[in-house]
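Per-chain numbering from 1; labels A, B, C and D assigned in written order.
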Amino acid sequence: MSKTERPVRTERILRRAAKEIQSGMIVNLGIGLPTLLPDYLPENFAGLIHSENGVLGCGSVAKRGQARPSLIDSAGHYISLKPGSSCFDSAVSFAMIRRGRIDLCLLGAFEVDTCGNLANWKIPGKLSPGIGGAMELAQKAKRLIVLSTHTDKNGRPKILEHCRLPLTAPACVNRIITDEAVIDVTPEGLLVQEIADNISTQDLQNHTEAKLIFPENSLRKF
Amino acid sequence: MSKTERPVRTERILRRAAKEIQSGMIVNLGIGLPTLLPDYLPENFAGLIHSENGVLGCGSVAKRGQARPSLIDSAGHYISLKPGSSCFDSAVSFAMIRRGRIDLCLLGAFEVDTCGNLANWKIPGKLSPGIGGAMELAQKAKRLIVLSTHTDKNGRPKILEHCRLPLTAPACVNRIITDEAVIDVTPEGLLVQEIADNISTQDLQNHTEAKLIFPENSLRKF
Amino acid sequence: MNKQRELSETIALIPSGATIMVGGFGSPGTPFTLLDELLRQGQDRLTLIKNDANEPGYGIAKLLEADRVDTLIASHIGLNRDAVQRLNSGKLKVEFHPQGILAEKIRAAGAGIFGFLSDIGIETEITDPSQIIEWQVDKSGAKRKLKVETALHADFALIHAARADHFGNLLYTDSAINFNPLMAMAAENVFAETFDLQPPGTFPPEHIHTSCAFVSAVIAVDRKRALHSEYELMEHYVED
Amino acid sequence: MNKQRELSETIALIPSGATIMVGGFGSPGTPFTLLDELLRQGQDRLTLIKNDANEPGYGIAKLLEADRVDTLIASHIGLNRDAVQRLNSGKLKVEFHPQGILAEKIRAAGAGIFGFLSDIGIETEITDPSQIIEWQVDKSGAKRKLKVETALHADFALIHAARADHFGNLLYTDSAINFNPLMAMAAENVFAETFDLQPPGTFPPEHIHTSCAFVSAVIAVDRKRALHSEYELMEHYVED
């Protein structure tokens, strides 16, 4: 899907999410929306993208002529490598993850809840393609941000009071970025930090099953 | 200690032990007598010497001019490498050992007994420099041969009914090669396979605390 | 010391019912030539251990499609719709592990240890209470609940190496490293294919990823004569 | 991203009382320059984790001789008579592990696991009954007695790399690899010295032994200006 064809909702999420990735960070991008993020990073981005199939320092998607059959990211896309990249086996790749060397991980979600619980790997009876790297990334990244449309394709909330699907990991999410809001998981509950410029706080709460906390001062738009 | 200066007892042990190392084998040589074995192997020996500090394919001792500060064996000697050698970290080196990839290990001993128990790492109150790789090699080499003078420097037996020193590993020794005999550890006990050409069976038993089994047919001399 | 072997006689050593580790994350590192020979020879009732199920028409997917596989031990099979259908219809038994735990269980076998203690997935449905121990793992004096993950063994491993020598020393490249060096350490019998087989001494000793101590046989594959489009770029992933 | 740092300010980050992993098996791979700076700065009450105690006058032996070390966690100190005397006289606490178990305990910390199950030394005096569990590790249904070996952690690791880049990617050579890559994964803060510091992109990605993700600082040591005879051949081992 080329950048120009992406729906407005997706565009908004990705544009906002790109701001979370800072210079010097080691970042893992989960399959789905997060995989599209490199397109939104500055050309000279000074950080390292980790792909759990064994690459640190992933570059942009490799076009025909540059692509090598031996070099993909964990989503299956042919990629280029940046100077200073390293390739290693799967045990080392996940050592890096479990050891806490991933500064930031961005993952998709089926459901996320008030406690920061995440469900993104299984819909019983419907979808169970396996676990992949999701559990280790969710549990061990220093900072975990969920990227998701605010509601599912049927308009139902994905931000719940309590996750109903099998969990990927409990209490792992730090921030949720949707097309409608930027929401932090805090000990007090879900704190809205930013709101999309085309939505009211009332609508946002209506699209959210979990009770949202709004700050006393005015909400930043995005 | 150059080859010409070695005592006759040592020479006899090493000459006999070299015959145990066959083409194609992966062999680990323990510190002490076994380390001297490469001098007794044929020039074109087609096997691989493993050194537990992370080398497979050790060559002969490197003389001045060839020696590199970064390349030693586990006894601390500067070594050369043979074509097809590999260098790896200590976890991989001991993976190789615990995984059963060492065909043959030759170790020194303080004591060895009727059950094939080996004591070679500690003399309580006198000597406790640590364990090194001995326990893993003793427990996991496919075949373990002890090289030792038949009696200690005070003439006391080293082949005992039961080891009295702390064990390196129980029931690990397959064969014992001394300056007086070649003895196999069998379910029935210690079976003498060969005897030095300068000793009687009676003297051999007298120098041995454990009861020896002698074969019915005549003993091979070495 | 020369471990170069012929393809068909090497794969013929694998009996029906064997447990086989297969290298590769997706296509990179998948030993397509070895797998095709296994398909041709007809061994069945196999248990395969691979990160994924390849994509339909590729690698182990062809063994699945030919009903040769009873059980697959994997991390994620989402890119193979056919394998998911087989799982859902009960035709295929799949045992899922978190990807890094799968890697570590294989490495544990390779390292000659029996298992390890982990906290991954400990509060999720993939963990059964019978797998939990409480153990004091630091000097705090407090015990911690941990999951015992046991080592994962196999009779055989099929490996794809970018380069190799006749002793069986292996080198990998790019993201085609993945599970290959772990499986090469773990399995009883390790068969590696390579396009680039060189005399011993060609590679600097510290560049070798898998020491020949772990490898049983090396099969030279002529890249030019290999008919496998599987080794080429997958068109549906190539961006123009 | 550039992790090149100055020697003294890097070592100054280490407080007295710290637990420090030190690379090297004997001399090869020992970070002599980092250790000398630690000696110069005077941190004490240290716990060191190293395979051995170097030889008298070399590496960590100098820290032992200067009474800076409370505890040494090692595999074998037989080549350092002074260290053995300190152990026997009670001046130095030494915790011994079988060499491969020491390596694996360090790797366990580096792999983010909490421990592992082993059968090494299980019937010897180094194993206490409290370390044993009975666990079903295969499909036989039978339980097996195994020793729980816990992960070994450290605040700092001092590493010697043959080559490095400014991001902190490290490459080792010969038998100087040994414990270095394991310790570089395990410790919280990892300082690596090298004679050969190059720009990122110099080394093929699959030749890098330690990815920069694990490394905190790289110190360039000028081999020509380094006064250390410790890096040269040890005369008493050289045969003419």
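Some points to look at:
Heads up, the rule we're going with is that a contact is a pair of C-beta atoms (placed from the backbone, for glycine too) under 8 Å apart; a residue touches a chain by one contact, two chains touch by 3 or more.
Predicted, not measured: the structure shown is a model, and the values here were computed from it.
Two chain pairs are in question, A-C and A-D; the one with more C-beta pairs in contact is A-C. Most remote chain with respect to subunit D, judged by CA-atom centres, is A. Subunit B has its Cα centroid 57 Å from the Cα centroid of subunit A.
Subunit A and subunit C, compared by their mean Cα positions, are separated by 28 Å.
Note: centroid distance subunit B to subunit C, computed from Cα atoms, is 36 Å. Along subunit D, residues 104, 111, 113, 119, 173-174, 177, 205-206, 209 each make contact with two or more other chains.
Among the residues of subunit B, those touching two or more other chains are numbered 55, 87-88, 91, 94-95, 97-98. Taken together, the touching pairs give a contact graph of some other shape, not a line, ring, star or complete one. The chain pairs satisfying the stated touch condition come to A-C, A-D, B-C, B-D, C-D.
Contacts from subunit A toward subunit C in the complex involve residues 51-55, 61-64, 67-74, 76-78, 87-91, 93-95, 97-98, 128-136, 139, 166-170.
Put simply, subunit D touches subunit B in their complex at residues 25-29, 51-52, 74-79, 84, 87, 94, 96-104, 106-107, 119-121, 123-126, 162, 173-182, 209, 231-234, 237-240. Residue ranges of subunit C in contact with subunit D, taken from their complex: 104, 108, 111, 113-119, 133, 135-138, 144, 146, 148, 150-151, 153, 171-174, 177, 205-207, 209.
Of all the residues in subunit A, the ones that touch subunit D in their complex are 23-24, 26, 46-48, 50, 55-57, 81, 83-88, 91-92, 94-101, 140. Residues 1, 110-113, 165-167, 169, 185, 199-201, 205-206, 208, 211-214 of subunit C are the ones touching subunit B in the complex.
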